[in-house]
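Naming follows writing order (A, B, C, D, E and F), and every chain is counted from residue 1.
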Amino acid sequence: MRPSQRRPDELRLIRFTLGFTRYAEGSVLVEFGDTHVLCTSSLDPNVPPFLKGKGQGWVTAEYGMLPRATAERTPREATRGKQSGRTQEIQRLIGRSLRAAVDLKALGERTITLDCDVLQADGGTRTAAISGGWLALRLAINRLLDSGALTVDPLRAQVAAVSVGIWEGIPVLDLDYAEDSTAATDLNLVMDEQGRFIEIQGTAEAQPFSRNELDALLSLGESGIRAIQAAQCAVLNGG
Amino acid sequence: MRPSQRRPDELRLIRFTLGFTRYAEGSVLVEFGDTHVLCTSSLDPNVPPFLKGKGQGWVTAEYGMLPRATAERTPREATRGKQSGRTQEIQRLIGRSLRAAVDLKALGERTITLDCDVLQADGGTRTAAISGGWLALRLAINRLLDSGALTVDPLRAQVAAVSVGIWEGIPVLDLDYAEDSTAATDLNLVMDEQGRFIEIQGTAEAQPFSRNELDALLSLGESGIRAIQAAQCAVLNGG
Amino acid sequence: MRPSQRRPDELRLIRFTLGFTRYAEGSVLVEFGDTHVLCTSSLDPNVPPFLKGKGQGWVTAEYGMLPRATAERTPREATRGKQSGRTQEIQRLIGRSLRAAVDLKALGERTITLDCDVLQADGGTRTAAISGGWLALRLAINRLLDSGALTVDPLRAQVAAVSVGIWEGIPVLDLDYAEDSTAATDLNLVMDEQGRFIEIQGTAEAQPFSRNELDALLSLGESGIRAIQAAQCAVLNGG
Amino acid sequence: MRPSQRRPDELRLIRFTLGFTRYAEGSVLVEFGDTHVLCTSSLDPNVPPFLKGKGQGWVTAEYGMLPRATAERTPREATRGKQSGRTQEIQRLIGRSLRAAVDLKALGERTITLDCDVLQADGGTRTAAISGGWLALRLAINRLLDSGALTVDPLRAQVAAVSVGIWEGIPVLDLDYAEDSTAATDLNLVMDEQGRFIEIQGTAEAQPFSRNELDALLSLGESGIRAIQAAQCAVLNGG
Amino acid sequence: MRPSQRRPDELRLIRFTLGFTRYAEGSVLVEFGDTHVLCTSSLDPNVPPFLKGKGQGWVTAEYGMLPRATAERTPREATRGKQSGRTQEIQRLIGRSLRAAVDLKALGERTITLDCDVLQADGGTRTAAISGGWLALRLAINRLLDSGALTVDPLRAQVAAVSVGIWEGIPVLDLDYAEDSTAATDLNLVMDEQGRFIEIQGTAEAQPFSRNELDALLSLGESGIRAIQAAQCAVLNGG
Amino acid sequence: MRPSQRRPDELRLIRFTLGFTRYAEGSVLVEFGDTHVLCTSSLDPNVPPFLKGKGQGWVTAEYGMLPRATAERTPREATRGKQSGRTQEIQRLIGRSLRAAVDLKALGERTITLDCDVLQADGGTRTAAISGGWLALRLAINRLLDSGALTVDPLRAQVAAVSVGIWEGIPVLDLDYAEDSTAATDLNLVMDEQGRFIEIQGTAEAQPFSRNELDALLSLGESGIRAIQAAQCAVLNGG
């Protein structure tokens, strides 16, 4: 039995709340069980210097964690004066994953920034951030379409993410912190709505994993992502 | 008529939600209208180096604002590599205000850190943070009393704060952003439950203010703080 | 009897020396007893980016303290790599106070920077800096008027500052370090020549203060500021 | 035909030069074609603070690139004042990969630091660094065994890495810069000598990849890693 | 004729004012013409970590320049967040020069820090700082001798410094800014009271200099340093 | 006998390898015995802001040391977040020395950056860097001449450098680390092909040095520099 009492292939309670805050073009509170991440999208009519005049847009992401999102207080990065390597690695992953869903030419010369701030952390913050970030991105692009700023939808894929791992020898889905910290392997998957891979990041925490184990994890992850994508669709459809 | 349609002496809707997040010793979401601040308190069994071995505790605060708490996105301080002067000024004010409420000797050699993170900003974030921070502090100290770590309550005062200002020539209470940005004078008051001053910070934004104007502002502020303190008591009493 | 042997309403010896250094547009050494601050003003024909093309000028201030201005050596901020929160808070206060005295439209698109560097510190460095900084500002603007760069004086108020506090239960004026470090309350006042408030910043160091105590402090501060303003006028008139 | 004129499953010329510099406990110049990385290992009798007194050792890595390792000069990170997100991501990957090969308890309370500095970059620097870093780690541990400081070998796996990608629709092995910059998918694999995975990091650069494509890439990568491991063995055996 | 109207071998007016500020163990305002540097010495009963328990003391120096010491305002290093290369080079030179005058074993386990802050700059700030810094060092050590903390004088040499240069083809002494900025060669000399070299730093600004020119500069510098040392002695003797 | 077994006037084995890396406009590995420095030159069609539109070019240098170039690992400056004072001092020396060899007007509005990275350090890294850096500069300028971008050679001098010192009372040439760390005096000389001085930097490490000792060191250094210049010519001539 998993520490969370879940079946191996069982997700935590997944919930998306649209409009959690009021000023952002898109604002989504995503909950994967006790992991709560606020994802906002911001439209900026400029592009970064390296894209000036190239006729394309940009999508980027920043990630942060409130100091007391965790069981013990984590020092504030703004006070320490820099973002940790972990933070940078995660925000680069979120940025790449969501950028992959957008036709940047069709977006035009503008930037969409996704801010993913963890209010409460219980494992899987990066996969929650990608799944909620995609919704915030969808909402910001809807604004552009509704206002007539864009007439063709530049969002060409639906993106969601989940973690899978090997815990006590069995592949399990959507690890919480108690499971993650004792798992032998940790794999984060980002996929589109056709079940194709956008990112795959696997790490052997306690011992290397075999090709067979990898195959089992990939299948488990795909099923989880399909369920998360269904939840994304439901909330967009007002459900 | 104020931009907010409120009477001059009318507060915004004030709401405190205890236990908004689950890991902190105290966790309070405070709402002053559309200003939403998450205040958490964290107990640390150590004190800063300058207090080592002095037989007293410490209370300190940190303040942050999510990038899209505001109408336009504000750059993330962790990315910029430092806290702004404004941020430091505010967190020093929160720290002093709450420290003034605590008998540090009675607290013993431990530190309580208040983290005040603005999820949504519509003016008055520092006064909301102090008012909500006091509740988070109260909750953390209750833990120490409940567990028997402390037998005498070191919290000797009830602290709340509000802003007042002169808008279109009239003194008004609890300014929102639209009012604050056009006010001639901005005054932040921090008071205890006896109506005594803990902090008073007034700035002539557009033109200097007279002693008479100051007197009117102080009276208005006191009435507002009494109402906020009543709300603090109500939520502690389960109301 | 105060540690300084002064009467409660007695200022320290106040002295302004114009032209203490030779390159700045305005250079003033201000002494409040053993507190010595060098205030210089610098003219810059540009404005900060956020004011470009808005047809107005800017006034700003920076504050520093030489490492051995104090009884014990303070680490150099340039070596530590950042300004402390206290330094930023003080330089923001100086900047706001002096900016309030200037008609920025009438100043035109230029910046005046006040540098206030403490050579020796015995309490009250921020109030000395504001009082001396106003003179340095006056001198720089005189240059603009003398050269014909400006024909209308943009300096619309005379600004000075002083601290007051409650020491051993009595309100006292212009606290030195020995008094300040044991005072129950510390209040910094910035006023114009009409006795109106530009800034008021009060902190209950040891215990909250009542409305009556505040009133007494405000009256005491006003009398001190009038005397400092007289000294400012005298030195400008060659006295 | 690939830009490099290689067959899809053909590695670049792989060469390891032991003892390239003289002071480090292990020093290896690794060449993957025109990618040249100097890997050194340093023994330190201490462990990081979080491991003090826990009876285990630590293995960590740092990565850097000389400014003119690349076709255009890259600004020096020491001058810019911080390591880029890319640099931190890579050095964290190297550290995790090599740490996975070591029994940290058996290593005892000491730290081995791998420095991987790119002298010349033509794609695949991280996989070259891991493959060369493993040899530098092997050499440092040999020192400990030779000197009698250790009697049981804590190195429990042989680690090597390679990149694979989909270029013009076909899976190819060990991409150089020209190939990498135009590939649709980029996958870095780290494996042990039993063909088990230690790290797998795949990114859809131009378009998502299917499960079948992933399978083909994994097989191609495994064959490349076996060849690199053979080269590692050869150079250790004096070949 | 030199821009300063001085003869080639003529120093500027050299003046040392002891006790310019009151808290430092030694405080000296040094003037080399319009170059004014405040040098203070601070005693610290600790030594840096690398000297802990080695039975010797340390002497170090820090250098700074007030923003408006110069004809045009120089950005404040504390605001920029780091000391410039020039600043670090100068403070390392001051530290080495004064350390060379002290028997660090005889000083015992304590640190003396020299802070040299330029109030007004007209060329030659580093040589003024060394010459004034030696006096501040002398004063701090006198305190240790007077209090009985030391019984043997650890100061074994008298140190002074001057700049020489080739201006319009002729060797000149003690260059001011107007001369320095147009000189072909700039040489800073630090010597002891026996005319021996402690530091020699020469730079060909406009064109290389010959051995003969170097010889002339060295002789000129020696004569200047002897005069500065006489002034140091005079002020110590109450002159 | 010197620790290195060399005669007092004997250089270490000096070797220059051109084209050590392939992308830089000039790439030189310089060896002074066990001191190995990789010097690369990079052409940039821009000039720094302070030279924009002045019709002249710029030559600058950056210096770094790989963490394990030394007997004990030195922390990486990119990780520490800043360059040390020593690093900045050395790169400023290299930059000044090589800039002195170039007619910046004749170079035209472009920048040449010399990167000098120490792969292995055994004393004398700055003199090796200057001597090798001059060759890298020569190669970059040759590119400009060969391509027709320049028709007149802006390189007007041949520059080399060496260290000399007083070890056990005798002047010795080209000190290695064992000699340097025990020498009483350390002098770095940079000269042109006519034996004129470009830089002279001498420091009394253990005791001051006399004019006679300085004379002996200068003569010794000149002979060493001539030999290094001969080696520079030889390698340029294909020897």
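Methods note: contacts are C-beta pairs under 8 Å (C-beta built on N, C-alpha and C of every residue); 3 or more make two chains touch, one makes a residue touch a chain.
None of the values given here were measured: they were computed from a predicted structure.
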Query: Of the pairs E-F, B-C or A-B, which one shares over half of its contact pairs with C-E?
result: A-B
Cα-centroid distance, subunit C relative to subunit F, in whole angstrom: 51
Statement: Between subunit A and subunit D, the Cα-mean centres are separated in Å by 28
Field: Where subunit C and subunit D are represented by their mean Cα positions, the distance between them in whole Å
entry: 59
Message: Can you pull out the residues of subunit D that are in contact with at least two other chains?
response: 81-82
Ring of chains, enumerated from subunit A in the sense that reaches subunit B first: A, B, C, E, F, D
Message: Give the list of subunit A residues in touch with subunit B in this complex.
response: 21-24, 27, 34, 36, 38, 40, 42, 44, 62, 64, 66-71, 73, 76-79, 81-83, 87, 113, 115, 117, 119-120
Interfacial residue positions of subunit D with respect to subunit A in the complex: 82, 85-86, 88-89, 91-92, 96, 100, 157, 187, 191-192, 194-204, 208-211, 214, 218
